[in-house]
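Each of the next two complexes has chain A plus one other chain: chain B in the first, chain C in the second.
Right, the complex of A and B next:
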């Protein structure tokens, strides 16, 4: 699975696999065999537990179907701002105490917001899990959302936007391309929100968003590590079981209109180097074509034997860096992208044309079985080595759960293993076509100083 | 389970095995980095590190790329101011193949002449990329201002001018001088068969016979200057620092605790006062950076122009008064946090490999997590106060700002830095 930039609220930017959210099937199904225990409480809160006796610590994660796709025009950035506010206290545990209490028992906590979801986590000693359970249950229903705290946190998020976007030209291009590629789907606005919307965000907006989406039937919990399963389940039931079920939320149902030709956007900004990003509309894991698209992205861009590196970075010496990016685990169809920064002396147009040539070559002739085998091995090793820690085991499980069922995680590997050379050629012909793409170019502006 | 094993030629191999993962990570560490370079050869360690992937007697660069990608693994290298690391991470079933590839690159690279111009271009662009990321670039500028233009102050990447001048002879000379047995440490962690690992290593790196010349060690000298580099950005990036402690000191965990109280994590003083109470920044944190013979205790913050002097003022005040204000409760919390982080940091195969090898390089011995926890537990509030008193109550600050700021913005705070 390819990496993408998830939006990490409080501390840092993390690279992660992408998911989406839907909380289905609310029948209790304890899985007695196999490594994952599954149970749904009466209020609709699902709990998944991975027991690993060799792990030195435990991980507790709460996932909400409350990513930026659920925001409205003029109110973008609320999901991420609310994630920040979740650390600002409840009636029982005053402002700013959450992280302090976790730290005091030697734990670590953070949260992340993406287009598709929000999640909160703690890593701590297994015998301290009780603290996570109590604190998370408390802030699922009793968040303060104080007026002054909200204003101060809004300033923090605006500062974050300045740092991550206004001062990062390539991120600005990404933001522009995505917002041009989608006309209707809420994927089109950035997770951090537009600056103008952040300025207008109010406590009332946050409160409404919180009260509708932070409910047990719109969330699930994952616990992993060396834990006492019956004790942990009993504790979760005691703390979360009493939280009332919220109103049933309608799943997002937005169709993107047909694209009838290439779209182009330009960003003029002070920068050392130009940059081009070209994104094609592409399906997610619900389409069997997604596996071949994953393999296609690896063939183009994973490692130094990949085509784009071998031909454009190393061979023709056109690009300083270039690659392709795709992730099948977005909840709704998203994008397949190619991008690059030209070497000085080479033009951005020349690089863009060379990127398209690589795509055309794959459409014209299927890759060899050996090249596809190499790509399947890479995708498989990435997936397995990416789960070396229980934190990522829990996270991958959650991401597939958000796509409909955590068991899909096994189908992912199976799907990758079955990709044939002609599948790669076929999906290239089907999706990587000019009329379906949006291209963004960064034009560096020289500062007069 | 930690082990130190000596290969046939005496090279130290540090291992830590784990049964619950499916990967392994092997690293070859060479104790040379940018601080060991002559100023006119600044960047040679990093340049050399790149050239190691350009072919061996047996493998072309394309073969290397194809082999590692076919295993689905990762092979790469890292250069810092004091060491160069070559590592490979693969699924456990590929131990033999991984070792064969890594040791071939390390021992038999040919550094072909015609690859030099290409690689120079790549590094010049790496420099441009850093310059395009202000929150990274400010740290480079700060380091140069702190330590001067030789030794520790030299950038790992070098400069465009030094890079242009490198020749193949420079590379060979650097290997001959620094890549000898006395300068090499090997680390391995993850899921592997120890006997097999030692056997394969003895057949390759265990055969290496190369003496290293002595290093031309540039002792470091801390400069506490104020440097403002005005640039039209939407945020000003601030680095503020005090003279700190070297790696191998008895006070290293006292230093960690002091830094934790000041600016590490959400419950730290700086995070609470500057971000949570006043909303002046998104990012503010402090860190202590240690080297063989020196250290710097720094704070980074990014903020709008109008807030620059307020952010500096609060930070300086906090640091100046730390010795008289730090409490027992903060110490208890910092200890818990530090102990937790220790265990959390050892989660991945590559982190474990880094940990055991770095301990060998900097301490010449291994401390178990239990040893470290005992050392942390033993630290008293008085020692923390004493260290704060020595480091921050009167010492002069170094300050570097990169962004939309001018001298006049600092008129109110400049005197407090001295």
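Right, the complex of A and C next:
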């Protein structure tokens, strides 16, 4: 679990002022417990509706298969820049109107871009859904993409990049590790894009990307809440149904070559303490091994009774903070990571070695049944507690839909429940091997003062 | 309870920190308020959408009561509660709660300390047992204190590389002066060393009392069940006799001052502002409307419009009144590339001046009111948020008629009223300006120094 942490900077939002909690991800109840209505319009736009009579508000989300994996070399950051431009107006609703119209009805809106997708959302009163439907249908086809607005928003995104990366030493290490871990797959460039590419991004680039990927057959809608289903469907059909289908897009088909040895990168930057991030090539949910890797990450890192906290932070007093991170819901195989910051006075090499010792221990001896049970319980409780927000219910459905079918979310929970101690040991042996990792180290340089 | 939330009047509480806007109607939430003989105030909201219970306690034991040379005492006391009791070791506590996928812990802020429990309904007895144990019987083991202190010092060191943290610390110090609000809740490396184990024991004994506590329980549970649990697990909790507020109200010292910190960064991290109001100030609500228009309303605000949308100078800019029990601050935060710092500051000051000299438009006013009164369901979407909200309402003494009064206030605000309070509470000529970044490149102009 712990799929989205601000720390890993996976998702870039149009606007920073959202509660931090909304960047965490939880997973939804089995379909059997929460009915999902599904319908695909003639133009290929799929609509999924979660009816939740207990929710006081409604959520409207539009998801596009238009994440940074669809960018080209020299044009990185376009997906995210376009997401920003989606708030810059259409002919009918000029610049600066979208968010204002939503706020005027007491609603909130935002959008996010990741490597795999872009999504737009509004949270508002169920009887105001019509507004979302009209505005989202409008900007799916009629975006202005004004030249001056684009140049100005490019500056905004460059400021965002400075804030998130240039001035954040640990995020710089993450960026370097990912771009070294992948040679061929577009996962290797950052969602926000390289600064040089941002400087070159043009209206023409954006227009081409928009006209190709922002089409109904490359998107889907999720509505959740205490809503009037027939009325909402009718409204969606009226507004979105008239948008013409775009050309069929080819799915991304990129294979990453075999890795034949550890890769190491270094970042030298003003910082107080060093930092290490070690990332192993790992499969996604298409592999049954992914469930054991999820459990493995929980055993290592979820809570004060987890191994890394118990042994490295508390026991050996080596780390100020340390942990493990994995998510099986990337669309293509991604990474399993361990990371840490040493306590002042402790060495980064010693901490790195101690992180590997924890992995070796799991390879040598399977965890106890109780330890695995605890991890399963933690994953399941997170699962259930996440249901309290219809926003996350909708989002989880979307993530699995992007993986091929929203129904996969049930397999996910079932998969976690079936993990055995030997599975954890086996996947540790199989994936967490030195030759398959990329390690980044932050070397603090002396302060100016 | 579920369906008519939206039609009822809405309310706003701006609590400590970053844009935490709560809106609520106590009646719509159907809160059961029970005052127990030992003084404990119990607030229960039944919410049966999930088999989950969230508990939040607010205790009048925040850092207002700690001596200056031992600042950090309140926070250390709170964070030590879960590090060992007379019945259980630190590890036994985390193992027990995490085995069932729950969490229990404590922390402390400026105005009060918080204890929270998150647990599946089926494990509610275990949850209450652990929560009452850490609350009533903490052992403050010497070795655990030593480890905790080591980590706090490490975190303080590590935070030095976060420009936002450093800026906020200096801003608070300058604006609040000698008042406890001017200090770090965590304490400093020096003051933490002055804290002895006996100080923690005494602090806990004196201030962790039922007559200083509000406890909100929200979830799949009835008031009767809560009452039984409280009788079973908290009946030995005895009333204590201690002062309620030892510190003075913050006195308004307005003085133009600039603090520059040289760091090797690409952006200037800027905080501007001065003293504000306390949560109980009658002008608080009109200020909320004014601030929404100035810089609290995201894309609907003037600062965002001018400095991000029109000029492309920032990714994020916002203003807010942090209003606490004894006083507060008004502050504007932004980050921009070093070379733009002067322009961003002067444009920000222009906007402060504008709202002090010109009436806001009717549209701005009605938009602000519509959002502030209409966004209630967003703010208490989950059980955890409801619990925290109820605690804040009670501890800040907002009262049971708070709902109606608030709605009246917001809707009564006029543009003349906004002009008046802007003049009264915004002082552009007496701003404290904190700038963290590459001072050579920033080259702050003379009149901002």
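Criterion: the second predicted complex is superposed on the first by the 419 of 449 C-alpha atoms of A that agree within 3 Å, B and C clash if a C-alpha of one lies under 4 Å from a C-alpha of the other, contacts with A are read in each partner's own complex, and residues count from 1 in each chain.
Please note the rule applied: a contact is a pair of C-beta atoms (placed from the backbone, for glycine too) under 8 Å apart; a residue touches a chain by one contact, two chains touch by 3 or more.
Please read all numbers here as calculations on a predicted model, not as lab measurements.
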Self-check item: Overlay on chain A: chain C relative to chain B, clash or fit
Solution: clash
Quiz item: Can A:159 be said to touch chain B (first), chain C (second), both, or neither?
Solution: both
Quiz item: Regarding the shared-chain residue A:266, is it in contact with chain B (first), chain C (second), both, or neither?
Solution: neither
Quiz item: Of the partners chain B and chain C, which touch A:87 in the superposed model: first, second, both, neither?
Solution: both
Practice problem: For A:226, select first, second, both or neither according to whether it touches chain B, chain C, the two together, or no partner. | Solution: second
Quiz item: For chain A, which residues belong to both interfaces, chain B and chain C?
Solution: 52, 54-57, 87, 96, 99-100, 103-108, 123, 125, 151-157, 159-160, 162-163, 166-167, 169, 270-273, 302-306, 310, 314, 317, 320, 341, 343-344, 373-374, 377-382, 384-385, 388-389, 391, 447, 449
Quiz item: So in the complex, which bits of chain A are touching chain C?
Solution: 15-17, 52-57, 87, 95-96, 98-100, 103-108, 123, 125, 127, 151-160, 162-163, 166-167, 169, 226, 269-273, 302-306, 310, 313-314, 317, 320, 341, 343-344, 370, 373-374, 377-382, 384-385, 387-391, 445, 447-449
Quiz prompt | Of chain A, residues touching chain B in the complex | solution = 10-11, 52, 54-57, 87, 96, 99-100, 103-109, 123-125, 151-157, 159-160, 162-163, 166-169, 270-273, 302-306, 309-310, 314, 317, 320-321, 341, 343-344, 373-374, 377-382, 384-385, 388-389, 391, 447, 449
Quiz item: Taking the complex as given, what residues does chain B use to touch chain A?
Solution: 18-23, 53, 61-62, 64-66, 68-73, 89-91, 118, 121-122, 124-125, 128-129, 131-135, 230-235, 265-267, 272, 275-283, 302-304, 332-333, 336-337, 339-341, 343-344, 346-349
Quiz item: Hey, which residues of chain C end up touching chain A in the complex?
Solution: 2-3, 5-6, 10, 19, 49-52, 90-91, 94-95, 98-103, 118, 120, 147, 150-151, 153-155, 157-158, 160-161, 163, 262-267, 297-300, 305, 308-316, 318, 335-337, 367, 370-371, 373-378, 381-384
